[in-house]
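Both complexes shown next keep chain A, but they swap its partner, so chain B is in the first and chain C is in the second.
Moving on to the complex of A and B:
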């Protein structure tokens, strides 16, 4: 095995072990062929690539993975009920170790015309919208992970909301990973299509139940027609030894509103690339994020907010809490193209360093080609405010409790605006767990 | 008159320093190889260690490739077509201004820096570098009384070889980057300044650089050493005649501040920027770096960048000593087809170090203006602070403003703050000023000056006046 590792590049090894993917649709086959050609002989990016400057993939390269479908214990007798949000009781899709689970998925009580299904089935049936949009938006120059997903994906979620339809309750996508010994990789593909004047809330949950190593490489594509509204919450709590490399591309049309909240808690190495393209006038996009790292975790978020047309607004609040030997990386790009006059774009990145051994890297980036715009960004790296700590201490709180409370407050800022109550509650529980476990805070107890 | 017309009229201000002085040159073969490096060393009668330094740098450079990462686009430079050394043909030794070629003095007169006049009026000591060679240093004696050494670097190599040996290449090693390696191999002259312990330089030191020869590049090297408890303020100004060919300027500036020493380095750069179609102009690839070696030392960079077709320049400070301070104040103006990729690096190594970055970018015409900055707080740089502000202003919808700040922090007692905004001159602001009786031109000029005020106030008096004027010429009324 060692010999093979040295000779064959990582991506080729993955392709080889994946074998030919199950045929889904003619168009997908063309995309897969292109992706395979692109990947063959390609090396993983290194620190010499600007986009991967602070995110080394050496530890990933050493691993060997088999495709998720080959894992024997794929349908373990688990009780996953507790992971389903009460609001999403009637419409959720579950994937266990990357494989679609009929048993744990439910899609009843949906308004007429709405489709929530396994993408593989939809493509096989040749759903015209699915075929039309697949592979259209997830495009990153020189990025092997989108191509990897395209080449090997065998399932994922497909959500289609027709014109004028509102889904009141959230749709949940649950990706559960059990503690399987053998290292595997999964590449779920999600496609979300919002018709004009439609609205929906989608919650994407990636959970690692064990302490095992695997590679989770999801790609999501979202397209919103005129006046569509979508709230998208992503919670990543993969296993502490997992690799999570995700790509999300959203294409937003006139008068529509896309709000994305991404919370990264798990994985040894997580890398998340998010791209929102505002393709027409009067659109709004929000890309908020919360990252909490501990131990030797590394979490890297790259975002692109692309303003191509006039009169659009965007908002981005990205917060990172760094504990232990953790590393957080943020690179937020805002592009304002020549035609995008009267753009109002705002980006804020705040990093809270709890431990003396953590590292924060941030690179907020503005690229502006239009003159009548109001764009600003702010980035800070720092600690808890001394005055705030003093105040809480005067109210009788201990040093550790003070820090815990303020750290919680720092994080909750991002979560608070999420519209679904049970999601907010679950996320704040996660934050509390993080702060109560933090050694940097405990040392003051 | 419509705004666009006003813009066009005012942007088309001719480059007033575009004259060429006819002086005989000591001509020199083109291209760069070991023989050329040896030849430069021979001409300058340098000691062995300098020759060795040049050769090592050349050998390293030969292995390197042009850096292409910056946000600038320009045709590949043919290094074989450049004359790496060019000096006005002069009498070998200069003791006073009278010995300087009157034509050169005339040139400086046209530039508005008459050496003799400044000597009396401004009290500024000037070292003038013409193409590559230092032609005159004024006020040497008065400085010598105070103990300050201010001379050309060629002279310093002969007179103070120990200092040169110790400090040259200590801040910017020849391995640093492509242009620093090239400069280390072929540097022709530049200024040297040494301020001894406890001395506060009695006057502002100043160097004027001018490229006069069409085929030559200018590769000057400046070294400033401030010993314990000393203070020096240094000014640098640059101009060049108009040629339709691009000329190369690749300088290296090294500053060393020991315990409690302060160095203030100000630049007003107005190299020829090419015509409106982007023909000609200077490629300005400069490596400037200061080392706060001692504790409580301070290095401050102030720059007003209004010229050059391409600017690639990142004056940096390494804060090695505890409690040291680094500052960077910059105004970068681009117009027509100019491109600037400029900013700073603040490297915090010592404890309780402080840095401030104020950067103002103004882009007009079809130009591209980038701020690229790095703030790095090392694991041992406890209780360090950085504060950065970079604001951009766009004039017209054909230009671009880019911000690339890199912030890195590796301990939990330091804080880094960065903010950036992009805006345009508001119609309501212009309207208000017009209502108060200012014409449109003056209103715009006032607003732009207000935008840059934080930086201008850091400049020494004479430079601030010049900078304001320069900005006026470059941008007058190009806003509406």
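Moving on to the complex of A and C:
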């Protein structure tokens, strides 16, 4: 019996175990049907696929997962309050093992017209904007993971900020995973709609409290109308045995500004595909990232910055710290379409290798079809700077402390641009914890 | 305090120091002068323990101990300080964080309790005044975005904080305008005492208008070519290095 189950492709097994999803809306049903059709009989991508060259999914394929909804909330800490950033005290949504928790969510003190709610509820009520935009932007060719999410998602966040409305405090989306033995999969779906001249900060926090195996497959779609501003922080600290495969698509209109800061610390394997489409003039997008891997972790970021119209700017600083046997992969595509004159695009990928056994792959990929643009890009893989180390040593700091400080310094500039104080503090703590646990930092003098 | 005997050092297989002998006692200020490429900065770096330089011969005894056996950080904790010719920018580490940690390392060495951030703030206030520096410098990342003059001043501020027994000042004067030079020099003069010693590496005589050395040594091609009192510096100022290198062609090279 078990043997026969193994022969069924991974994605089919997941669909089978998920069963039919709860009906949310007619349009969603159509999308789900399409997704199921696409997935049926489909194999997971392999190293032969260019986009998955360094990101093997064999270890994922071996797993059997049950839907998150079937896992009881046992072993949860009694109090989740400590995971809520003080700035987001009044508006946060909590998902426990992928399931929306009314008890740990709070959405008061929001400006009039703003909606922060469970996406499933909003779709069931037929909110016109939610229905209109769901599934519109998260489109990757031949990618099974968006389809998987579409086929099975049973909840997630919906954030709607009407025209001209500014939310002062950040909205936090907390995805907590407790350490249950049984392997499960979750597919939260988020939809964020920023009206014209609106502004908001959203913090997406994925936490694994145990060291158990699960699959977290979130998909986020963001659309910003004219002159909208959004800061989006994503902190991934899933369990060190988890699989985190996420998709994020942002659609950015004229004069609007989207800033994304993504920090990947957890998971055995994390794969993050990000796409920002600058659809009109005078638009700005930031896709900054910080990745830290240790042990046998692998973290792979594939990004697309798509400049379609003139006079837009983009910024992408992606830093990776590789320790132990860890692997980091970065593939950053920048498209500058024929109409996108006067584009100013910046991309830099810096990899810091602490150990002799880690691996870094980097591939900046610029495709420029316009002739009057400024695009700078750079990729480096290196170790700590010897002159900087010597300088700190001449100040009496020991070799290990010197390495620790410089590693911290390497990571900190991505963190420093994040506008929410308590998130910066949290991230600083995470970096310090990473460096204090690093054997390479202690070993090599 | 410091005895250097027959010191030979090389970098990437090229010998730079070719037999230096030098005695420095507590309370003394020594100026090391010489043309570009003579090895004077190398001497400072070897004393501080720069990993690129290999000592191939000779010894350095510091307060009765073999300095070459110590790692750079151990030398620092024992009171050796180098002000860099090109101070290094350290991203993400604030001046106050570095200086407090560095100072606490020295305190630990002397069996003293570490200072907490507030206590350190009080301690550093006077030192900032000494160098006419704003307290906001402490919150900035080490040397990041500092002007050339600010970097040099920041080096002497660190010297003031750490109160070293042996200060190696590597071309601290070069690149400073006259006001900054005066401030830095006054700072160094106030820090000099009967217990500590200063080795001042410089290309120009200018700084010696403000800091009076007890000894001047002229380095040429990796050797001390001539030693004397402060008047030697004035002589150099008058005649230039050509005067002394021409001299070497005859005496130095022919003699060896």
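Here, the second predicted complex is superposed on the first by the 434 of 445 C-alpha atoms of A that agree within 3 Å, B and C clash if a C-alpha of one lies under 4 Å from a C-alpha of the other, contacts with A are read in each partner's own complex, and residues count from 1 in each chain.
Everything below uses one rule, namely that contacts are C-beta pairs under 8 Å (C-beta built on N, C-alpha and C of every residue); 3 or more make two chains touch, one makes a residue touch a chain.
Given the structure is predicted, the values throughout are model-derived calculations rather than measurements.
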item	value
Chain C versus chain B on the shared chain A, clash or fit after superposition	fit
Larger contact residue set on chain A - chain B or chain C	B
First, second, both or neither for A:393, with chain B first and chain C second	second
First, second, both or neither for A:370, with chain B first and chain C second	first
First, second, both or neither for A:82, with chain B first and chain C second	neither
Partner chain(s) touched by A:405 [first = chain B, second = chain C, both, neither]	second
Arrangement angle, chain B at one end, chain C at the other, chain A at the vertex (C-alpha, nearest 10°)	70
Touched partner set for A:341, first chain B, second chain C, both or neither	first
Distance in angstrom between the closest Cα atoms of chain C and chain B, superposition on A	14
Contact footprint of chain C on chain A as seen in their complex	386-388, 390-399, 401-402, 405-406, 408-413, 416, 445
Residue ranges of chain A touching chain B (in the complex, touch as defined)	50, 336, 338, 341, 351, 353-383, 440
Interface residues, chain C side, partner chain A - complex	48-52, 71-73, 75-77, 81-82, 84, 87-93, 98-99, 101-102, 105-106, 141, 158, 162
Chain A-touching residues of chain B, taken from the complex the two chains share	69, 377, 379, 392, 394-424
